[in-house]
Structure formats: structure tokens, C-alpha cells
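One structure follows; several queries about it will come next.
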Amino acid sequence: MPEAALLTMMIVLPFAGSLFTVMLPARSRNLAGGTAGAIALACHALAWFLYPVVADGRSARMSIDWVPSLGLEFSLRMDGLAWLFALLITGIGFLVVVYARYYMAAEDPVPRFFSYFLAFMGAMLGIVVAGNLILLVVFWELTSIASFLLIGYWHHNQSARDGARMAMTVTAMGGLALFVGVLIIGHIVGSYDLDRVLASGGLIRGHDLYVPALVLVLLGTFTKSAQFPFHFWLPHAMAAPTPVSAYLHSATMVKAGVFLMARLFPVMAGTPEWFTLLGLAGMVSFVLGAYLAMFQHDLKGILAYSTISHLGLITMLLSLGSPLGAVAAIFHMVNHATFKASLFMAAGIIDHETGTRDLRRLSGLFAYMPITGTLAMVASAAMAGVPLLNGFISKEMFFAEAVETHEDALLDTIAPYVAVLGSALAVTYSLRLIHSVFLGAPSESFPRQPHEPPFFMRLPVFLLVLACLIVGIVPGVTIGPYLHIAVLSVLGPATPDYSLAVWHGVTVPLIMSVIALSGGFLLYLVAANRLEHSAGPLLFRHIDGQRIFEQVQVVLSWRLARLAEAWLGTRRLQPQLLLLVSAALVAAFLPLFWHGFAPAPLSFANADPAFVALWAVGGCCAVAAAHQAKFHRVLALALLGGTGLVTCTTFVWLSAPDLAATQLLVEIVTAVLILLGLRWLPKRSELIHELTTPMSRLRRGRDLALAICAGGGMSVLAYAVMTREAPDGIAAFFLEKSYSEGGGRNVVNVILVDFRAFDTFGEITVLGIVALTVFALLRRFRPAPDSISSPEQQLLQRAYDEAHPDRSPGATVVDYLFVPSVIMQWLFPVIIVLAAYLFLRGHDAPGGGFAAGVAMAAGFILQYMAAGTIWVEDRLRVLPVTWMGSGLLLALLVGAAAWLFDRPFLTSHFRYLDIPFVGEVPLATGSLFDLGVFSLVVGGTVLMLIALAHQSVRSLRAARAREQV
Amino acid sequence: MSRVLPYPLLTASLLLMWLLLNGFSPGHVVLGLAVAVFASRVMVALHPGKPRLRRWQLIPRLFLLVVADVVKSNVAVTSIILQGKRRQWTAGFVAIPLKLRDEIGLAVLACIITSTPGTAWIDYDQASGVLLIHVLDLADEEEWRELIRTRYEALLREIFE
Amino acid sequence: MSNVILVWSVSIAQLMLVLAMACHAWRLLRGPRAQDRVLCLDAMYVAAMLLVLTVGIRTGSTLYFEAALVIALLGFVSTVALAKFLMRGEVIE
Amino acid sequence: MNWLQHLLVAPILLPLAAGAALLLVEERRHTVKAALNIGATAALLVITAFLVRLADSATPDAAWSYPLGAWPAPFGIVLVLDRLSAMMLLLTSVLAAASLTFSMARWHRAGPHFHSLFQFLLMGLNGAFLTGDLFNLFVFFEVLLAASYGLLLHGTSAFRVRTGLHYIVVNLAASLLFLIGVSLIYGVTGTLNMADLAVRLPLVADGERVLFEAGAAVLGVAFLVKAGVWPLCFWLPGAYMAAAAPVAAIFAVLTKVGVYVLLRLTLLLFGSGAGELSGFGSSVLLFGGLATIAFGTFGILASQTLGRLAGHSLLVSSGTLLAAVAMADAPVVSGALFYMVSSTLSVAALYLLIELVERAQQPGADVLAVTMEAYDEEMDDAEEEELGVATPGALALLGVCFGCSALLLAGLPPLSGFVAKFALLSAAFNPAGLGEAAAIAWTTWVFAALLILSGLAVLIAMLRTGIRTFWAPLEVIVPRVLVVEAAPVALLIGLCLAVTVEAGELMRYTDAVARSLHAPTGYIGRVLPGSAADAAEADR
Amino acid sequence: MELTLSAAIGIITASGIWLLLRPRTYQVIIGLSLLSYAVNLFIFGMGRLRTGAPPVLETGAAVDPAAYTDPVPQALVLTAIVISFATTALFLVVLLAARGLTGSDHVDGREPHG
Amino acid sequence: MTPAEALPGWAALLVAFCVLCGASLTLAGAVGVVRFRSFFERIHAPTLATSFGAAGILLGSMIFFSVLQSRPVLHEVLIFVFVTVTTPVTLMLLARAALFRNRAEGNPGVPSRADMLSSAQGSLGGERR
């Protein structure tokens, strides 16, 4: 099989398996486990198939275009380092699957577990084989997501939820930082392709943006690898099922961080910044992790902090920037994966068998489970760096590098001491683990009677421990060649000479090892008892990483955010409008200030005194309306009408008869509408003055100032434009073509029904929509309690009628409307004729479908006012919705008829028809269109008016119903 | 006939209105007739009482009477307004019992009283037929009652009842 | 000559009509009662209608006639609504 | 006239005809109405998909125009189909199809005339995307706003009406600004046609250009209100939250109309070829956009309910788009368009999902989640048992969808949200193209930081809610989810997945869009045959 | 003429904006109505002011565009009138519904505390 | 103002007279509205405008256009008719509303319904006597 296909399968298989297992029923443990195991094994095998390629020093590749324009390819690239990691990931993955099959309880919905597991494995494999940095980030975040799901697998536990959330938040945050870092690298290199990036070390290190890129990338790796100060999430991730911990915290998740650092080692390492950042984080993590591990009472807690510590060690090694350091780092990655995985599994066995992981409750387990005990002891020894085990060899290399001089810096000077101290502490916690769990008197108080676990649960531990041993004894033969492939792929020509052996003679590192081992042992002797009963690590007892994280998160993401939202935003309407008006004002005047602007000098030329006086009246009405709208609603409405009237007169004055007529009609109908609504508004009396505080006065002052500014602004703009020469625009075309090509003399109307009929189309649709909305709203209208009852006047009049025997109930209103209603009714046909008149002459003179429609609606409303809703509806069947629908469709059909002649929509046609005796009659499709407008306007306006009017009837009915009950 | 043209007078008036608006032409006569007939037929739906014109030949007399009165009262009221404080006047209400019951007749009376400056129709009590008007320059209540009843009511009753 | 006569007379008439509107507006503002205000609004409509007619005379155009016609026939609708609102607290029952 | 060209007007007329015809069907006949609505929406989907192909098949940066009434531009109203408008049309009809399907479960019966209003909304949206005339744009804005008022208030409730009132007032005020802006521009230039405007602008005298700028700025404020820029956006989260789920889902495209117009006009009128006007208002867009992202981020974190979270993430996406428009480099614009597609689809999916998720929640669970975290209260001190709980199918499905939405909105891999963010940032960092050395402006850094932080905020907030909803409850309320409700959510998320996989194809398209927006002569030439721009186009 | 109308537009705008910023829904609706007058006049003014030149052609003969006022703003105002009528009606009903459902005629649906 | 030039002098004078008369009457009515002390007095003032005020201007307009266009232009008659017919409706409704409001507030100076009936009764009685 070609290498590309192998590589692809390696990535595709786990995800496909994940999809498959998630769909299995909750109880199919074997199928799910089998699938997962088979896939892990298959991938492992695939990796081995690729061995010839990487052993050659080449890398296996495949690439598919994804977003070529952005330099993003789905490219996979397996070199030695990736290959080594792939082996680890799949190999340990397989062992964990076997282990988990027996670890998970029968009731656990295991398919979901294995699904997440496989997804995680796929993502992890993706990280190591990604050939494009962006693709790497993709897989990177995928591991965060999958680990979130895995850690939160037992999600009904608070600790699992919290642990999962914290892990996700921290690592995703790091992932986002890494993303930006990678973008910067891409910017520097000009490509996201890993090969090109790896070939551009000098360019990257010399670039201005090297430091930001480095910091961002390290944010990603440190969070992932739980390096100080981002280490706190890892212990809480222990809430996950133990197989998850065994996998995530040995070979995978946390290794992703150090893997990436090793990956970018050739291009980013070797600078003081790299040295300082990695060195600091690594050292602190190394020592702190080990120190904190000593004090843990939870078995998995020890392992978790130990993981932090060991990753700190690896980071320290990488920080040095020396080729040998890199070799040691890679080697320790492998070693740590083996012994840590086996230890986690052992811890799981203990937990599984005894029902507890608390060191204080565990004791003398060796008697119950000697095999597991032995395995765990060997693994712990590897962790402590005992000779003949793999951990020892890499630690020796670490010591050797620590004493070398790399940089002239304090960090470099203290490195050997730190190394010894950390290692000694590692010895201490390893001893504590073994001693406390397996040695001593067998405890009686286990929740369950412990015994050896099933064979297949032990087998993975056994295999891993075996590996520790073999590698520890004969490293050169076993791991040597494979490690070399990895090292070569990272360091290339810079690969140093190194030898993997147990014995190098009595060297400084050996002495350091001895000091560390004996020191650790001594420390344990001294402190064992205290550790067993400690309430927490000295100095760090009260520092709870989770708590701090939660507090910080709450402060930042909740308290601060709420403050900011409240401070930067509002949910009240008035400030929003204030901002809107201010924004418009600023927007309009910034350009004017910017470019300097002088409006034409004020001129009273051709100012007609009557016109000025007219606007004095109109202006007063407007200002008074503004002043009175709060307490005197009816007055404000009347004043509004006054302004409107003046506006209409202005239109007449300034050659816009169409506007005048339409505005008048609209104003009349609007006034009726608002009056219909007034009945449902609360009574407001000037007597109840609201409290005027200085603050409210200030607010009013501000509003007034803004209003005046805005008004002034509009004046200036209007004056500036009106006093300028009119541009040579599109108007002349309309005037010239209106009659000859539009068939109408009223240019405004021809524009509306022909030139720009599409606007009219939209406009009547708006009216129709609004009418529907009004109707829908009013159908569910629920009046406020205080306005349900009849108005005060009606109550008084009814009471009067009822109190007088010569009055029939309702006589007052009947008398009131008796004569007026006669006139109003007889005006109905007159209004119809007026509407017909307005409609028919619209094309040649002021008028048109809209004006006619509103006039017609006014006629309807007049009837409602004259005789009441019930009376009218007994006699007239008004189907406003049908009018609206038909109107729209008619207009549409008229427009679409043009298609029959292969002309664009709304193309008009007109001709003068010569009818005998009658004469020439103009016929234009525009008029038909206008008929649609008319129909819709009548329907829409009437619908709104009627819907509002019906509310009174409804509440009347409701009141009657109440009376009857 | 009454089904096609339920209100012939109305139809005729509407046609007249149409022709006044559009000018006289054969086309507009046809069109106006169509519109007028349509509008009249809509009117049927509202079922108003059908007006009966008994003696329409009296209408011109009524018209002239009204014009004369309106001219007089225009002058009177204008003088009241323009003389301001120099002239004293007493305004007041006058209740007038009416025999006229025809709603069209009453509507016409309302138009007349309202169009005449100095008098205003305030209230009409259907049960008792009492009309309340307001008079700007009220010298003698009885005189006004007589005026309304003899000058207008009688004539209107002749025309409509 | 007739032009001068017309321009002057119509201008003066327009000024008078606007003054009439101003009077109405004054009363509209002063009240004291709602009925006074409504009455003034109605009167304003009539004055505005007459003003529209004078504009027609001044410009020699019959195109403004429709606006006046609309006020004459339908201007009273909003006043009726206002009056009913005062009397019944409700426009349509 | 080519029959294909008549198809240009179909996205407007089809919904109009459907909406009008629906009015003639009796209110009680739900099935007939629903069938009509579905038929029309499906047809629209087909037509718009076809239009995208049509627009894409044209020569590199050409457009199709349709003179309504056969009046030549700039006199008559002209519809213009180019890649950008075609893309917006398709996006709209996809959202329409999804939310209509969703509404079939129950919302379409929650009040009268839902179907007509729905179709009218589509008409307004499509009209706004297609028109080449400023005033006609206003009219279609009003159509879509009017329909949105109706739909927002659909299924009246106190909260809906209260926020609806704010929504309406703010938008009415913005419409007035729109009118002022358009008329000022007409007063100065004497034209309403956008392309004609671009042609005439260079001829406008200095003193008048200032007035034009004032008009354009006022117009810009109106669009910014619609786009939801800070500080003109406070109405948005509440109003959208109040709307019924399918309505909110289709509203996800409403803010994009504002962005669309800004994009269109900015590059047409103030592009690199606009002389003194070049780059007009771009700093306002940039800083406004950045501020919007910041505010949206705070809002996301502060939100106590998913609805508010969704609203604020819409703000973030608006802000991102505006800032990207302001940067105005073709690659950034291309990335922004990609981002627009992805974020619109995902926010719409989230809005639909919220309703389903809320069915699975105990009342007040969201609030509880936050306060518990804030006050560090432990809910259950019960012994933690290490045993998994099987998740009921419906809940699992919702959980998957929820997780996908979280990833999409946070811009995390592997879904299109990430690709979109990558496209945007990569373009922002490499304005001259990858590998072409160019300095990164400090605003770009701010932009990148805000973009990343907003994603993080979404992640934190959605983790909070998601865990509380899907993981925490001991007693699981299994929500009743109908297929017609789950399907559209799955469809939208599936589309995001498709966008991820076919990102290359979409980017090719958006690249073409961006290129033609930056070289508007093609557009102008098609709208105004015979103009100078057309001649220049012919020379090429 | 221009000065008068500009001043008028300014005054109406100022009144309208003052009302727009008030807390009662009724004030807002009156404000919006006033503003739409102002905007209509503004649009109208953009076609420049002329007396006695309505854009209604007297004959079908050749037309001198200079003899008529600009018809375009008039058409725009007509459209704007219709739309603002519709939206005013809508806003009215929404404010009524809000008042009915929240019991308050404050724009925020609740009385300001304090 | 070219069209007016075509108007004969007598017609111009006539039109001017009519228009000025109408406008003055309207103004007089408006002054009345300001001057009168109570609502029921004020209600009389606008009828100056709706009767002869309107008539004057309408007549002026009729003459003007009839002479100008050399054909009878009579549509102003319609306006007069409409004003005459609609004004009573407003005034009646308004007056009655005012009456009610005054009565409800117990203001002096307006007759109660009982007053009105008895006063009418008195006059009827007088007739009988």
C-alpha cells in the first residue's frame, strides 16, 4: 500500500471507529471495546508498515487541497518523531483499551466511552502527523474537545464536570493562543506548511515577531502540558475514569505540548527567550510538581503531580536548546509514557479492587495482590529513576545536560541543583506511594475485599513494566534505533553523538543520581509520618488551583463582564435613542467640520410674509405638541394635526398638489387611529407631578440641547442644499418621457405607477404587512385592567339614562348621533364618488390609487363612527384581507403581464382608445396597477381601523359576559 | 327601477357631482353614471330611511330664505366681533319643541341653523322632540322660538312630511 | 394691471387667512377646554382649505383643487372623531 | 430579453405572490397555507441556488442586471445580480427553509398570518440584496422590517411586545435617518442609482461633496443600526431573544443586510478609485466593529440565558464583519464573507436549538448555573459514584447539536467557524497575500485579539450552559423533539460541516466576490451600459 | 422661502426629537409623527423649492423640464408618507399591546424606580 | 404670473373683491374665536368662515377660472356644499359634547336636560294658553 494511503487510514480509522461506536447501543461493551482495540492495534500496525520509510530518514506524506487560497492543505507528514509518537499513542492506546474493557463497570454506557477514546486517539495522531501548522491546530483543539468529553464521562459527578470544564477552558485557551502563534509563524515564513516552516529557522528566530510568536506558541504548549503556571487543571482531570488518566497523562494529551516544542525545536530553540521561558516554566513545574506530589493522599493525585513534574523535566531539557538536551527530552517522553501509563493502570486496579485510592486508607496491599504490587513497584522505581530502569537512563542524560553550560544566566547556574532537588523529591513520592500502598500491615477496612484483578486488566501493566525493564537494561538495542530515527528527524544534521547505556562510568551525573536517590530516601524516612498525616503541602496548603481558577473565571467572565455590559450598554430605550440621535448628529457634522463648510448667506429674498406666518403657526403647533404630549394627549394630537395641516399647505404652496392631498388624507386617518388607541392608555393628570430631581432636570436639559442641536443641524443641511443649484439629475428624463412614454401628465403619478412602480409595490406591501401585524396583535389584545371598563363618560350617560324613567337605556348616545349620523351616512356614496374621481384622474392630475384608497377607508370609518361597529357590520361585508390579497396579486399580474411580451417585469403599456360618442379614453396598464394599489390600501387601512375599533366591542362583550355570570 | 336605481335623486346628484368635477363630456356622462349607480347601490346596504320629498318646489324658497338670513347674521356677528367690548350682548340657550320628525328634514334644519352665524344647534331630544340651540345675541327667547318654528320648521315639514 | 390687482389682493387675502389660522392656533393652545381646541382645529382646516384655493388663484392652476376638495369633504372626519372621543371616551363603539 | 434574466426578479416576486395568495386562503386552513409556504420556499431555494450558479458562471467580475419596467438605469429601478447578491440570496433561502421547517412543529399556528409575513420577509430580504437603487433599497428595508416586526411579535407575549417596542422605535428612527441620507444624496447628486452615484461622484463640486459626505454618513448610521454596531445595538439581543425560535433563526440574516449594504456601498463609492472619498468612514467602521466585538464578548459572558448569548454572538459576528469591511483588503473581505456564511448558519442553528434545549432545562437553570459558580455553592454533596449514565437519544442529539453550535460560534476546530476565523485572520495578517512581506497594523492585532477572546467567551459561556443542561441534572427531562424540529438544526449544522469540507470551493467563490467588489467597474458597466465605466470595461 | 422652510424643518425636528427622548410611549408616537413631517419636508426640499410649477404637464407637446419642479422628491415623499403612516399605525398598536400586557405606558414597560 | 395677465380688469377686480371679502370674514371669525368668552359663544365664530367666508373665496375662484378658461368652472360649488353639510356635523357633536362635559362638572350657565324640557314645555304651554 502506498504510504499516503497508510497515513490517511491511520487518521481516518479512529474517527470512523468513533462514529461507529457512538451509535452502538449502551450495553454493547464487547463490540465497542473490540472495535476500539482493533482500531488501535490496526493503527499501530499501520505505523509499523511505515517504518521502512522513516527508517530511511524520509517522511511519509499525503496532501489534499483544502483551502488552497489560504495555504491550508490537509497534508499529513510522518517523520521519525511523528512515527515514534504514533507508536506510543497507538500502542499504549491499545493497552488502555484492553484495560478499560475490564475496568469499566457493566452499567457504564461504554460505547460512548470508546467513541470519545477513539476520537481522542485520532486527534492525537493528527497532531503528530499534521503536515500543516493550521491542521495541527485543528487536531490540537480536537484533543481538547475529546479530552473534555473523556474527563467529563461521569458527568453526573460534580468533580468530573468541573475538571472537564477546567481542562477544556485552559487547554482551549492555550489552543487559541497557539493558533495566533501559528498564524504569526505563517506570516513570517509565508506558509503554514511544516516542511517550509522547519526550513525557515533563521528567518523565524530573526524576525521582529519572533517573541510574540514564541510566547503564543508556548501558551499553547504549556497549557497542554500542564506547565507552571497552567498546571492546575491536570490534578482535577483525575476525575476521569482511570483508563482515561492512564492514556491522557502518559502518552498523549500532555505529551502534545512537549511534542510540539520538540517539533518546533529546530526553528525556535536556541534563543535567550526560548531558554528563559522554557527553563523557568520547566524548572518550577519540575520541582513544584514533585513537591506537591509528596503531599497527595490520592493515589492518582500523586501520579498527576508527578506528571507535571516529569513534563517540567522534559521542558527543562528542551529549554537548553542543545541537541543532547533534545535527545534526552525525546527519550524521557517515551520513558515517562511507559511507566506513567502502567502506574495509572495499577492505581486503577487498586481503586477497582479496594474501592478507594486514599493512601491513608490503603496499606499492605502486597499481600492481596502480589503481582500487581510487583509491577507497580517496578514502575515506581522507574519513575524515581532507579538504575536498570528506563527512567534512570533518561534522568542521567538530564543530569549530564544540566551541568553543561548553555547560557550565561542564573537559570543555567542553578539548573544542576534544581535537577537534583527535583529528582530527590521524585524518589520521596515514589517511595511514599509504594510504602503506603503495598507495604505495612494489611488494612482491614477496605470497602471491598481486594484480590488480583482479571488477567487482561493486569496484562497491559505487565507489558509496559516489561518495556521499562528492557529499555532500562538494554536501551541501545531496544529503543536505540527508533529513538535515533526520531532524533534525526528533529535535529537532522545537528544530531549529536550520544550513547544509550546504563553504565558510563563514575560521572558527575551518576554522583548526582546517587545524591538524589539517597537524598530522596532520607527525606522519606524523615518525613514519612508527617506526609501521611499532612493536611496539605506546606506553604501551598491554602492555594487551591481550582478555586483560584474558578474565582478568576467568575470575576472575569461573570462579574466583570456584567459590569462591563451594564456600563457599556443599556436595556432602556431612552439612552438608546439618545445615542442614535447623537450618532447621527456627529455623523452628519463631522464631514462638515472636517472639510470646512459655509452655507449660503441667509437670505430673506422671495420670502412671502404669509408663508412665514404660516410656518410661525406650524412651528408653534409643533413646539406646543412637544410640550403638551405628556399630560394633554388630545391637545397634542390636535397640535400635531395643526402642524400637519401647515405641512400640507406648504406642499400646495410649493407645487406639490399630490403630496398635499395624500398627506391630508393620511393625517385624517392617522388622527382617527390614534384616537381609537387613546382609549386604552392610562389616565394621566398634570396634578400628579412626577418628582423633579436635579438629575432629572439635568437629563431634560441634555435632551433639550440635543433636540435643538439636531433641529439646527437639519435646518443647516436643508438650507445648504436648497440654496444650491440643482444638480443635473434624473428628473428631466421623467418630465420628458412622462407623457410620451408613460402616457400620463401627472409626472409624480407616472413615477409612482410606472417609472418607479417597483417602489410603490414595496410600499404597498409594507402597508399590507403592517395591517396584518396590527390585526394579529389586536386579536390577542389584552387591555390593562384599569381600561377594561367603559369610559367614564359612557358610565355617566348610562347612569343618567337609567335613572330617568322617560329615557331608554342608551338614549343619550342615540340622541347625540341622531342628526349627525344621517348626514354621515348620506356622505358615504359621495365619498365613494370622490374616491373614484381621485383614482381615475390620478394619471393625469393629482390623485391616484393611494389617495383614493385612503379616502375610501375614511368613508368606511365615518360609517363606523356614525353608527357603531355592530350596525355597520350587519350591513356591510368588509373583507379587508381579501382586498389586500387581491390588490397585491392584481398589481403583480399587471406587472408580470409584460413577460408575455418578453419585456421586463412592470413594463407598462398605454394607448388612447377611441370609443364612439365617448371620445378618446386613455388606457394605461399603470392604471390597472394603481387599481391594485387602491385595493390594497383600502383593505389595509380598513383592516387596521376595524381591528382597533373591534376592541371596544370585544371588551363590551366581555363586560356583558361578566355581568351575566 | 327601484332595484336598479334605489335612490334616483342621490344618483342624479352624484352624477352631477361627477360632471362638476370632471367637466361635461359624453364619456364622463357614461362614466359618471356608472360610478353614481354603483355608489347608490352601496348605499342600499346601509338601509337608510328613504327620503320622501313631498313638495320639492318649496326648496328654492327655503334656499332664498336661508341665504337672506345668513347674510344678515353674518353682518350681525361680524359687527359683534369687531365692535368688541363696546357692544354688549347676551348669549343664551333656547329650547324649542319641534314637531318635525323626519330625519332628513332635521338634518337640513341642522345645516341651516349651523350655517347661520349666531345660532348653533346644541342638542335634540328625540323622545320629546325638543331642540336646544344656542344664540349669540339673545334678546328675546320667544322670538327665536317663533323664528325657527315658523320660518324653517313649517317649511321643512311641508317639504318632507 | 389685473395681475397687480390679483397678486396684491390674493396676497393680502392669504395673509389674512394665515392670520385667521394663527388666531385659531392661539385658541387651540389656550383652550381652556378640549372642546375649544377641537373647534379651533376644525376652523383651522377650513382656513387652510381657503388658503389652498387662494394659492390656486394666485398660480392660475386648478391642480390644487383636489386638496381643497379633500379638506372640504373629509377634513371633518378627524374632528368628528375628536368630538366623539370627548363625548363618549371612545371613537367607535 | 434572455429568459434567464427574468429569473432575477423571481426571488422578489415569488415570495410576494405566495404571501399575497396566502392572504386569500382562510386562516383556519393551516395545511393549505403551510403547503403553499413550503412550496414557495422550496422553489425559492432552487431558484437562488440556480442564481448562484448563474452569477458564478459569468465572466470574472460581471453582473446581471434587470431594468424593471424596461426603463434604463439610472432612471428606472434596476436589479443587479452579482456573486455577492446571489450568495446572500442563497443564504437567505437556506435559512428560510430551515426555519420554516422548524415552524411546522407548532409556531406557524401561534398567530394569524404567519405564512404571509414569512414570505414578505423573504421578499424584503431578497429585494434588499438585489436592488441597485438607493431608494428602492429603503423600500425593501421597510418591507423586511415591517415583516420582521410582525414576525417578532408573532405569538404575542409581554416580553415580546416590550422588546418589540424597542426594536420598532429604534428601527423607525433609523429609517428616518435612511430617508434623510438618501434625500441628501439625491439633493446633491441628482441620482438614486448606486452605480450612477459612483459615476457622478467624481464630478461633484467640492462644496457639495461635503454635503454628500454628510448624507452618506447619516445613511451609514442607519445601516449601522441595522448591522448592530456598538453603541447602537442594545435593542438587538433582547428583541431577537424574544422572537419565536424560527423567527429568530431567520433574523440571523437581518443584521447581515446592514453589513451587506455597507460592504456594497463602501467599496462601490469609497473604494480605492474614489479619489478624495476613498476610504471614507472606514475608521468608523473599524473602531465601531472592534468595539462591537468587545461589547458582544462581554455580553456573551454576562448572559444568563442562551437567547441573550446568541444575540450577543450575533453582535460579535456583526462587529467582526464591519471591522473586516473597514480593512477593505480583498482577501480580508473574502474571509469576512466566508465568516458571514458560517456565522449566520450557526447562529441560526443555535436560535432553533435554544428552544429545544430549553425544553430539557429546569426553569431558571441558566441563572442557577452562573450564580452557583459565582458563589461557589456546591449543589450535591452526595457521594460521587463513578458510574456513567446513559443519555436518552433525543437529549444526546441535542447535546451533539449544542456542542457543534458551541464549536461553530467559538470558532474552534473542526467546524467552519474555525476555518472562517482562520481565513479572516490569515488575510488580516497577510494583507498582500501569504508570503508577501507587509507590516501588521496595530489595529489588526486588536482585531485578532478580540476575535480570539470573543471565541473564548463563547466557549466559556456555552460550556457553562451546556454542562448545566446536559450533564448536571440528575433527573433528566427528556424533551419531546419532533423530527421537523431536529432536522433543520441538523441541516444547518450539516451545512456548516459541508462548508468546512468544501471550504476551498467557497473560498474560491468569496475570493471572486471580493475581487469584483474591489473592481466595481464591472458592476457599473453592467448597470449603466454605455457609461464610461462600461467603456473601460470593454477595453479590458 | 428656503430660510423659512429650513427653520420650520429644524423646529419640527427639534420638537420631534425632544419627544422621541421622552419616557412615555404616547410622547414617542407623537414625536415620530412630527419627525416624519420634518423628514418629508426635508426630502421635498431636496428637489429645491418652486412655486406655481407643479410637475403636471399641461400638454403632451415637447416638455421643457425647467418649467416644472423636480418630481422625484415628490414621489419619494409619497412613498415615505405611506410607509410612515403604516409604521405609525403599527407602533400605536404595539404601544397599546405593551400597555395592556405590562400595565405601563413607559417605553421600557415598567415605571422607573425611585 | 402669466395666466393672470389674460384676465380682464373687471374680472380681476371682481375676483379681488370676492377673495378679500371671504378672507376678511374668515379672519373676523377667527378673531371671534379669540375674543369670545365661552365655548358656546365661540362656536358661532367659525361659521363666518364656513358660510360667507368660504363662499367669497369660492366665488372668486369660480369667476377667475371661468373667465380665464372661457368656460364655466363650477366645481367650487361642490366644496361649498360639502363644507355646508359637514360643518354642522362637527359643531353639533362638539356642542353636545361640551354640553355634557359642562353638565357633568356641574358648571353654571348650561341648562340641564330638565331645564331644557321644562323651558320648552313652558313655551308650548304658552302657545296652548
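Note that the chains take the letters A, B, C, D, E and F in the order they are written out, and that residue 1 is the start of every chain.
Here is the rule we use: a residue touches a chain if its C-beta (ideal position, glycine included) is under 8 Å from a C-beta of that chain, and two chains touch if they have at least 3 such contacts.
Predicted, not measured: the structure shown is a model, and the values here were computed from it.
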item: Fewest touching-chain hops separating chain B from chain E; value: 2
item: A-D or A-C, whichever has more C-beta pairs in contact; value: A-D
item: Nearest-to-centre chain - CA centroid comparison; value: D
item: Mean-CA-position distance for chain E and chain A (Å); value: 40
item: Distance from chain F to chain A - Cα centre to Cα centre, in angstrom; value: 69
item: Inter-chain centre distance, chain C versus chain E - centres from mean C-alpha coordinates, in Å; value: 20
item: Inter-chain centre distance, chain C versus chain F - centres from mean C-alpha coordinates, in Å; value: 12
item: Residue numbers of chain B (touch at least two other chains); value: 17, 21, 107, 110-111, 121, 123, 125, 128
item: Chain A: positions in contact with at least two other chains; value: 571, 573, 577, 581, 608, 637, 651, 653, 657, 714, 717, 721-722, 726, 729-731, 734, 756, 759, 763, 766, 769-770, 773, 777, 780, 793, 797, 816, 819-820, 823-824, 827, 830, 845-846, 948
item: Where chain F touches two or more other chains, by residue; value: 1, 29, 31, 43, 45, 50, 75, 78, 82, 85-89, 91-93, 96, 100
item: Contacting chain pairs - touch in the sense defined above; value: A-B, A-C, A-D, A-E, A-F, B-F, C-E, C-F, D-E
item: Chain A partner contacts - residues on chain E that touch it in the complex; value: 1-27, 29-31, 33-34, 37-38, 40-42, 44-58, 60, 63, 65, 68-72, 74-75, 77-79, 81-83, 85-90, 92-97, 99-101, 103-105, 107-108
item: Residues of chain A defined as touching chain B within the complex; value: 806-808, 811, 814-815, 818-819, 822-823, 825-826, 828-830, 832-833, 836-837, 840-841, 863, 875-876, 915, 917-919, 921
item: Residues on chain E engaged by chain C in the complex (per definition of touch); value: 51-52, 54, 56
item: Residue ranges of chain B touching chain F (in the complex, touch as defined); value: 17, 20-21, 70-71, 74, 77-78, 80-82, 84, 91, 93-97, 107, 110-111, 113-123, 125, 128, 130, 132, 134, 136, 141-142, 145
item: Touching residues (chain side chain A, partner chain E) in the complex; value: 571-574, 577-578, 581, 602-604, 606-608, 611-612, 615, 618-619, 622-623, 625-626, 629-630, 633, 636-637, 640, 643-644, 647, 650-651, 653-659, 662-663, 666, 669-670, 673-674, 677, 680-682, 684, 703-704, 706-708, 710-719, 721-723, 726, 729-732, 734-736, 738-740, 745-748, 751-752, 756, 759-760, 763-764, 766-767, 769-771, 773-774, 777-778, 780-785, 787, 844-846, 850, 937, 940, 944, 947-948
